[in-house]
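Presented below are the structures under discussion, each in the form of structure tokens.
Both complexes shown next keep chain A, but they swap its partner, so chain B is in the first and chain C is in the second.
And now, the complex of A and B:
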């Protein structure tokens, strides 16, 4: 308790003293704050408000009808289904890749690091085309797949594959610098204390990368929900079957059903907001847990 | 538990980290692996722990060959330079870790674990920190917790990699004395790595001096300090000056300068004499065998006067240390002429000439 009492006093004094010596003039501060706020308002808050306004403009009932209409429900279900497969898989891939890169030395490591970024560099449309060429009925593996009665392109597996590809870097990118910076001393300590590799991962590595992992998963989740270009190519856009939420919104938009399009958009936006709030809540809870055990 | 290292080699690419090392460490001894960075001391320690695999050679605990054994099965306690405490666990959980990860059959009950952890925390005098997180402790406290954690599994050998390297001077001095006392209490075979000769001399029962992956000398602190086996050990253990010398068969030594080209007489041999900074006498008047010098730089470091003087024969700098009072009595200042006389030296024949 003593530390938590004295520390704020010290820092309060320090805060009062430092600005005079090191701070920029006031107008610099307010200009920067002004630029940041204007930018955020124009490019984040305004669009968000427009989406919500458009969605609820015609009233709650219209909104409800738009999101519970069978095709919309199918799109929501498909999007959530894809998320359930893609996000856990990419979390596992991401951890495995980051682990390999951060904790081992091997040939071709730098090449591997650049390859991980490829999904970011390639246009999603091209990604879609690549998989059509590979797995489509006219593609390289097309005849083989047809023979075994497996449909990937213009079906759900195709959607899963392109989204998996497109969101692959998020978790790995988040974890590689984190794990490199943490080094392997804690893991080594765990091993010398008699823990097996699995226990070391579970008790030492995972808690250390928890926040990076959650953050990566949140980003991966957001991107997976919104992925459009690649999905548009491989899904075949069969209404009620292979339309994800973004595709469904586009269909509605093209059919001049703006209110419905905004309604589904608001749902997608809502899902994104929920993920972010969830992340903040977990962070806040963990911080509280740490500080409460501190103040004894 | 004794440790036997037989013909161990380790390379990292082209770099030879450990070069055919043979070493036996007796049960209950506290041994220091001393050497400059890159001398292979840490690699050797990690090979003993099993954190690194030797390219060739054998490591035995007592007579048991453990070369192929996984680190988690070796039963070693390892203390890292940067503590490597588990950040997300409390001090209690850290110390208990080695016990809680044991397979169910071997794991003590919760009450037993708690009892043992508190006993260990008392041993390192940090019982009151049990519920804190490592980030709330000072460096010295963290390292003591790391030691308690390593001891919790009752290791056969305790290995410490530069355990005090990250601490400030005062805490370091305190902690190494404390480690010495702790070792006298628990008597577990211990090996610690350090590049600090003072630390090795103060703490260890035995010092193994390493350089370029090889062992240069292996002996008690006194042996290593008083009778360095070679110029490297001499230079590494303390501030040392080099003089050219000629040695007669009778053992009589004469200091000469490098430019002295006068022919060697019959039974004389050229060599380098190593003289420690505090083993040089400063005189204000000429004496037989004294070398004329000019005082250059005078620094007072606490109770010690450190002098840099120019050897007038060859213009080389000579470092001298003597008690401040003694220096004051000489009444010398920078630029004055003086004479110096090595009180004790060791000559290595033919070295570097």
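And now, the complex of A and C:
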């Protein structure tokens, strides 16, 4: 593992000094790098730049006004509120299902793992539609909910449910392979020594899966704050009430308030960049840990 | 005596199967399985004629064509450029490489609505990029090209992130052996390296395609949503749901669900193939 990880670095250094049979000529290298960078500039860097330019073009004061305007604040508050429910719930689910899959043998495990992947494949728009049909006023459970005075669709609970659905796999997908790879010897040792199941989980398992869990939570959080298609169907877009940040951006854009739309977008872009930095950092840490543990 | 001995030797049983499995299955059933089954049951209530009329309306058929063709083109662009980006990131060193590597994940992390308004601003006829195409009579925003651009953007990380680890773990000795046996560099890449990354490449391709077919947020701004021309299928579902035509929306939704399941099976098959090859 270690050798194959460090090899590209060694070879990359060697390319610059001596041309070899297993490397491309320098002009080929730089042409390929050039094409790759042009492609990434067009699709990644310019969209990022255009958001930040659009947000700050008119000055800091305009930006500040746009993000502190009451509807924007309500959207920010709602998005944070949804995150506070969705991320912990899906994290608990991820840990639970990873524990069941990694520590026990049972039939239908592969099917269970494929089911977890479903939200990746189903269009967010279809997700929204499913819950409108089931829980909306004209839906199957609509009359029952109306009788008990519970509003789910065109209200906050509906938003929470569709985002739960859309971000369900993230923590589970990170933890399942990690915990399968770690096996169960450490837990068994802890239990043999007399620790209870919960104690074993808190003091043995959790420290082992800590980084995988954080990684999954970061990805889940990023997707949850940006969920759009599903929320667009179930929210009803009531200003100041059921508009999340992405929906608020859409409303502003459609009303030709481009600067305000980009100002609110810049907040989400900032969070996306933080996500990427955290993700790279965790990966880097993981890589270093692996290298040092195999070196020992 | 014997039973005591054997009970001592038994390994401690890890607790919590009932709790974790029970919770997981309950959670998945309530949130995922029952609702998805509900959509299918809901459409089963429709008569076959109604269902067929909803899913085969010319406007809907035009949207399937656009959604699938644009997703196909987008995923193909990503297959070529994504492999190139993965190659460049693994094999070469150049200034800013770490930052570029991190930025590849941007389409995962950036909310799709933000991406949508950024892309339309960029590729509109007055935008930073669009203005250079306008003189040639090429309109990107509010055309089918715009849909392809958005779907290429959204699928960009998949191919890069599936091919990158395979390339990084690729044994250099195989390349050396190939070169020592007299193969040219191009032959080595074509006959030795390419077959090794092919399963990962196809997995990334299928993932990018699946994501693109269902994508909504990043497309609707740049597409302009002209009926029969630049309407994607997810947009029609939203439009029908907003007009309270739930049966029409559900029928199209089931078609998309079917496509998603087929793609999911294909992806699982490809991943199985890739793991066997690895």
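Just so it is clear, the second predicted complex is superposed on the first by the 231 of 296 C-alpha atoms of A that agree within 3 Å, B and C clash if a C-alpha of one lies under 4 Å from a C-alpha of the other, contacts with A are read in each partner's own complex, and residues count from 1 in each chain.
Operating definition for what follows: a residue touches a chain if its C-beta (ideal position, glycine included) is under 8 Å from a C-beta of that chain, and two chains touch if they have at least 3 such contacts.
Not measured: the values here are computed from a predicted model.
Trainee: If you stack the two complexes on chain A, which partner ends up touching A:199: first (chain B), second (chain C), both, or neither?
Mentor: In the superposition, A:199 touches chain B alone.
Trainee: Does the superposition put A:279 against chain B (first), chain C (second), both, or neither?
Mentor: A:279 sits against chain C, while chain B stays out of touch.
Trainee: More residues of chain A are touched by which partner: chain B or chain C?
Mentor: C
Trainee: Check the residue A:22 against both partner chains and state whether it touches chain B (first), chain C (second), both, or neither.
Mentor: second
Trainee: Applying the document's definition of touch, where does A:186 land relative to chain B and chain C: first, second, both, or neither?
Mentor: Only chain B is touched by A:186; chain C is not.
Trainee: With the two structures laid over each other on chain A, which partner does A:240 touch: chain B (first), chain C (second), both, or neither?
Mentor: So A:240 meets neither chain B nor chain C here.
Trainee: Just to be sure I read the superposition right, which of the two partners does A:208 touch: chain B = first, chain C = second, or both, or neither?
Mentor: After superposition on chain A, A:208 lies in contact with chain B alone.
Trainee: Quick one: is A:157 in contact with chain B, with chain C, with both, or with neither? Answer first, second, both or neither.
Mentor: A:157 sits against neither chain B nor chain C.
Trainee: Quick check on my understanding: which residues of chain A belong to both its chain B contact set and its chain C contact set?
Mentor: 188, 191-192
Trainee: Would you tell me which residues of chain B are touching chain A in their complex?
Mentor: 49-51, 70-78, 80, 82, 84-88, 90, 97-98, 101-102, 131-133, 136, 146, 149-150, 152-153
Trainee: Please give the residue numbers of chain A that touch chain B in the complex, ascending.
Mentor: Contacts found on chain A: 3, 185-186, 188-196, 199, 203-204, 207-208, 210, 290, 293-294, 296.
Trainee: Which stretch or stretches of chain A touch chain C in the complex?
Mentor: For this pair, the touching residues of chain A are 4-5, 7-9, 11-13, 15, 21-24, 29, 32-33, 35-37, 39-40, 42-48, 50-51, 54, 92-93, 96-97, 99-100, 103-104, 106, 112, 114-126, 128-134, 136, 138-140, 161, 164-165, 168, 184, 187-188, 191-192, 197, 201, 219, 222-223, 225-229, 232-233, 245-247, 249-250, 253, 258, 261-262, 265, 268-269, 272-273, 275-277, 279-280.
Trainee: Quick one: in the complex, what on chain C touches chain A?
Mentor: Per the touch definition, chain C meets chain A at residues 11-12, 14-17, 19-21, 23-24, 27-28, 31-33, 35-36, 38-39, 42, 81, 84-85, 87-94, 98, 100-115, 117-119, 121-122, 127-129, 152-153, 156, 168-172, 175-176, 179-180, 185, 188, 210-211, 213-217, 221, 234-235, 237-238, 241-242, 244, 246, 249-250, 253, 256-257, 260-261, 263-264, 267-268.
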